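Structures are listed in the sections that come next.
Next come two complexes, and both contain subunit A; in the first it sits with subunit B, in the second with subunit C.
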Partner chain A sequence: MSGTWITTRAWLLMLPLLIVMVAVIGWPLADTVQLSFTDAKLVGTSGSYVGFDNYVRLVSGNAFGRTLFTTTFFAVVVVTTEMVFGVLAALLLNQQFYGRTLLRALLILPWALPTVVNATLWRLIYNPEYGALNAALTQLGILDSYRSWLGEPGTALTALIVADCWKNFPLVAMIALAALQAVPRDVIAASYVDGASAFSRFRFVTLPYLAGPLMVALVLRTIEAFKVFDIVWVMTRGGPANSTRTMSILVYQEAFSFQRAGSGASLALIVTLIITVLAIAYGTAVKKVAGSAT
Partner chain B sequence: MSALVVDNIRKSFGEVETLKGIDISLESGEFLVLLGASGCGKSTLLNIIAGLAEPTGGDIRLNDRSLIGVHPKDRDIAMVFQSYALYPNLSVRRNIGFGLEMRKVPVAEREKAVAEAARLLQIEPLLDRRPSQLSGGQRQRVAIGRALVRNPKLFLFDEPLSNLDAKLRMEMRTELKRLHQMMKTTVVYVTHDQIEAMTLATRIAVMRNGQIEQLGTPEEIYNRPATLYVATFVGAPPMNILDVVATNNGLLVAGSDTVIPVPPSLLAGLPTGGSLKLGIRPESFRAEAGGLPLTLRCDVTELTGPELILSGSVGSQRLVATLPPRTRAPVGSDVTLSLDVEALHIFDGETGKRIN
Partner chain C sequence: MERQSPLFRLFLHVAALLLAAVILTPLVWLFVMSISPAADLAAKPLKWWPAAMDFSRYATLLSTTENSAGAAFMASLRNSLIVAGMATLAAIALAVPAGWAVSRTPSVGWSLSVVIATYMLPPVALAVPLYMALSNFGLLNSVFGLALVYLTILAPFTTWLMKSGFDGIPREIEQAAVIDGASLWQTLRIITLPLAMPVVATSALFAFLLGWDEFFYALLFTSDQRAKTLTVAIADLAGGRVSDYGLIATAGVLAALPPVVVGLVMQRALISGLTSGGVKG
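== the complex of A and B ==
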């Protein structure tokens, strides 16, 4: 009896939140789904029903495949690099040394900067006329003449990847550092007495404690990297020659540059679907890893 | 030749001196218990012996080889931690064999050693489990197994039983004693539990504030405590301490007119008029006459079954005596008990050092 009463009360308490969520998420989502089956323009009429035409045209067009590849490539490279450097930085900052506290505080800075500030900063570094990178490379004798790092299709994506890694590896480092500090001292001490090498200690003793938190970092970063927009928009706007065009940029172009609201909505839904699949797959993996480490 | 020598070991953390010159010398096969209150530096000393911490000064020698600067893995020492410190994602089998695995001992030899340790500790059915699937007592056995397989020159135990419940603690205590009698390896064992110390040790080092207060066999520690601190730390219920003054007739209990008529030979060694502390263990009182008489007022009696605990007073000073269960001691009456001269522990009132 009291069970149903508690359930009723729980629903009552959640009702305001549910209403807000339906209003701000459910309704726009439903609207977007409806829009994606029309040929609506950004301005003007609400368009007419075209069935799956938008989806078919987008997926069969060559921009979609190429952009999906660019986005996947970007996500895989930045996430891998950030994980590796994040863990290495955390291992370093977990050592006892003079100035550690200062370094720990400095580490968080790149991540704390707003993305737009970070992107602008890197644009300055890559600047073809007075950029620090060009100056450094020519002065070191590695480069003969200045290059336009963000202006050449061959280097723009790499330049973007570097900027994104610099911004986001601190997040991974912070998560890893927190996990490292949770490793019991006695377990580490036992591994010393047992004669474990530094690598074995990392592999068999430390890593199990890191696995769960790192998995969470991996999920967060993959999803964020897959839907990346701001840093790309500020640095390259998807150019040159669409070499840095990611899915979110493509959605933006479709909906706002080409003013095709209907197919922009279709594309946005496709991206949402991919991310949802990723999130569910990762979520399952997180549960597994976290379950085995404790 | 001494198996383990701890030679004037000092350790400071910043300004604070945690160990103030520790000297210990152990024969091979001894079971030394470091006994002391929490925070007195027991773990610090053990960590220094294990190589997990560097001493500020002094030397450690194992079989005449100095261990200063030697990596923990090269010391031929195994350690059991209070928190068990098992590797959470490895099976019990790999936990036990980890030290051998890291030392590249061939698989067949390793398996054999693990099987042998598991048999000794009766954990064979658990070998394929993870530590998280074990009870506290089982984890403790695995931790001990991990130390056993290494067959080291020295075992270190840091309060290994303090996370277990009372019943299990007693079982494991007996088990540890059995293992030590069988393996005959030198052991240094840290505890703050005096019963563990008394039952396990061949010798006990009572530590206080980073120093060794007394180092001796359990009998010496119990029968002839060197200081007031040792006297009150070891024994349960704790030793009674009375303020007394030496007079011509004997020891006058301060705040009363009761005099304990100790023999002149004992009195001769005592400073007359000075304040003294007289220690008497509750269990050294006898109900029948025959020794030195001491009359006390019976305030409360508690019958535990095997014994009667009498709480009484002499003047304003309180005393506890444990007596045979049938002793006649009506509450509110005066009871005369007797003592042997050997049961009197006399300490200097200022320094706390033993005098008799």
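== the complex of A and C ==
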């Protein structure tokens, strides 16, 4: 069989996937680009060409800067916390103790819980009148009176961050645990023979095996945290006083609540651009870490 | 491997208990809310355990009496099953040939990289044109339209999983069969696909869970019982004026049950699927 036929055959087998991807991703994305230069409304008028007006107006408006800051803050705090607790949980689960198998099994539960159910659950826990958090803190004497955790700009974002971390640190833990189990036992045994301290064993024996998988987890979680919509929508809808409004919520409001399809498209593309830059920067770092680790 | 000092053993067990408590407390509370009488949930100080367990909300939601809360819930349950199921079948049908092609013909691999890179796109970047297109084709508020849109998420992911799966099946086996006179189609049908079935099953499971979990597109593209999925129905309950929080919790428990059971039963397969890409880098 000739090489060209094998390549042609491969393309033929890919064809159905590529056609569907062009139809549901490629074409809509191109259309979003085109829309972003118009003042089109969601229904009715197809709009007319306005050049970069949407971009200029959005970036110079004060909602954009504030929302970008909120999103970045959310992403940085959430991803850092999840990485730290995920690795700590994985290190624990890699030790010998009674009930380890059961605890490893439990780890999958928050991950398996649908995002919307997780958001609803925490919304109930934070409820200002009957919520479990208020009840627990008051009964323990820590709090004098019930508070509206999701209703005050000062606490709403933190409350969201806690809910997101609880659901997603197990994913990091599972990835880290799988990497830890891939560390060859004889390498660890050798480090004992050589008299390495616990810290240098972690730093020079374990960490190189963890670095690659953790970087991948970091990239995936950062992208997801930057795109976050579901948990915010269900818990606060971006409120109170826009204190939890993330980029995806802002795009939703622009395009669907205010029906400004054109400027909604511009905003969506700015978000896409930010995520792409982040992903490329991370991708370079992943290659570097993966190259130096092994 | 290493001898643990008594103090370290104590520390490990305390940390393990703490981790178990962190994971379980919110989940147990969700279940307790679902079986507590409404009066208990509104009591101050809050009653942490019901005097009498009340499973009536499960009966309420799982009833099919017309125009009841149950009817709306059951409709959304059915829609979620149909949409996630259809999208999963379609994604697998696209992913198996494409995954095999990329695995055996690395020179076309870049096209899969492009497909996977679309993961970075926030759904909001596609939402407006998809909304307009679905509207033009009369597919808004339709399970078919929603399943089609779900392919934007499910198809790249399953293709990537299938590709790594086929990578794990030595191509020498296929070559041996070809030398023995089997046609390519026979080789794939008799040799490769049976070996790949575990990966197909894992990919399908992942795809189904992703579809079951999806909220953003369902929120935008569905509006009533004909297509509204479970996630949207629960968000409606949580955001609406339902006075009985136990009912919201019950809906949550029911929606969480399928993925949680799948997660526990299929743990090994899911984790290896989750981490294979990560560990290989």
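As a working rule, the second predicted complex is superposed on the first by the 281 of 294 C-alpha atoms of A that agree within 3 Å, B and C clash if a C-alpha of one lies under 4 Å from a C-alpha of the other, contacts with A are read in each partner's own complex, and residues count from 1 in each chain.
Convention: a residue touches a chain if its C-beta (ideal position, glycine included) is under 8 Å from a C-beta of that chain, and two chains touch if they have at least 3 such contacts.
Quick caveat, the model's predicted, so the values are computed rather than measured.
**Q** Look at where subunit B and subunit C land on subunit A after superposing the complexes, then choose clash or fit.
**A** The answer is fit.
**Q** Applying the document's definition of touch, where does A:184 land relative to subunit B and subunit C: first, second, both, or neither?
**A** A:184 sits against subunit B, while subunit C stays out of touch.
**Q** Of the two partner chains, subunit B (first) and subunit C (second), which one does A:115 touch, if any: first, second, both, or neither?
**A** A:115 sits against subunit C, while subunit B stays out of touch.
**Q** Output check: A:200 vs subunit B and subunit C. Expected answer is one of first, second, both, neither. What do you get?
**A** first
**Q** On the A-aligned overlay, A:276 touches which partner chain: subunit B = first, subunit C = second, or both, or neither?
**A** A:276 contacts subunit C only, not subunit B.
**Q** If you stack the two complexes on chain A, which partner ends up touching A:49: first (subunit B), second (subunit C), both, or neither?
**A** Touch status of A:49: no partner.
**Q** Spot which of subunit B and subunit C makes contact with more residues of subunit A, would you?
**A** Subunit A has more residues touched by C than by the other partner.
**Q** Applying the document's definition of touch, where does A:258 land relative to subunit B and subunit C: first, second, both, or neither?
**A** neither
**Q** Specify the angle subtended at the CA centre of subunit A by the CA centres of subunit B and subunit C, expressed in degrees to the nearest 10.
**A** The C-alpha centres give an angle of about 80 degrees at subunit A.
**Q** In the overlay, answer first, second, both or neither for which of subunit B and subunit C A:69 touches.
**A** It touches nothing on subunit B or subunit C.
**Q** Taking the superposition as given, does A:192 touch the first partner, subunit B, the second, subunit C, both, or neither?
**A** both
**Q** Please give the nearest C-alpha separation between subunit B and subunit C in the three-chain superposition, to the whole Å.
**A** 5
**Q** From the superposed pair, tell me which subunit A residues show up as contacts to subunit B and also as contacts to subunit C.
**A** In subunit A, residues 189, 192 are touched by subunit B and also by subunit C.
**Q** State the interface residues of subunit A toward subunit C in the complex, per the touch definition above.
**A** 6-7, 9-11, 13-14, 16-18, 20-21, 24-25, 27-29, 31-32, 35, 42, 89, 92, 95-100, 103, 105-117, 119-125, 127, 129-130, 132, 135, 138-139, 166, 170-171, 174-175, 178-179, 182, 185, 188-189, 192, 212-213, 215-217, 223, 226-227, 229-230, 233-234, 237, 247-248, 251-252, 255-256, 261, 264-265, 267-269, 271-272, 275-276, 279, 286, 290
**Q** Enumerate the contact residues on subunit B facing subunit A in the complex.
**A** Interface residues on the subunit B side: 47, 50-52, 71-74, 77-79, 81-90, 98-99, 102-103, 132, 146, 150.
**Q** Mind listing the subunit C positions that touch subunit A in their complex?
**A** Touch list, subunit C to subunit A: 1-2, 4, 9, 12-13, 15-16, 19-20, 22-24, 26-27, 29-30, 33, 41-42, 44-46, 90, 93-95, 97-98, 100-102, 104-105, 107-108, 111-112, 115, 118-133, 148-149, 151-152, 155-156, 159, 209, 212-213, 215-216, 219-220, 230-231, 234-235, 237-239, 245, 248-249, 252, 255-256, 259-260, 262-264, 267, 270-272, 274-275, 277-279, 281.
**Q** What part of subunit A is in contact with subunit B in the complex they form?
**A** 184, 186-187, 189-197, 200, 204-205, 208-209, 292-294
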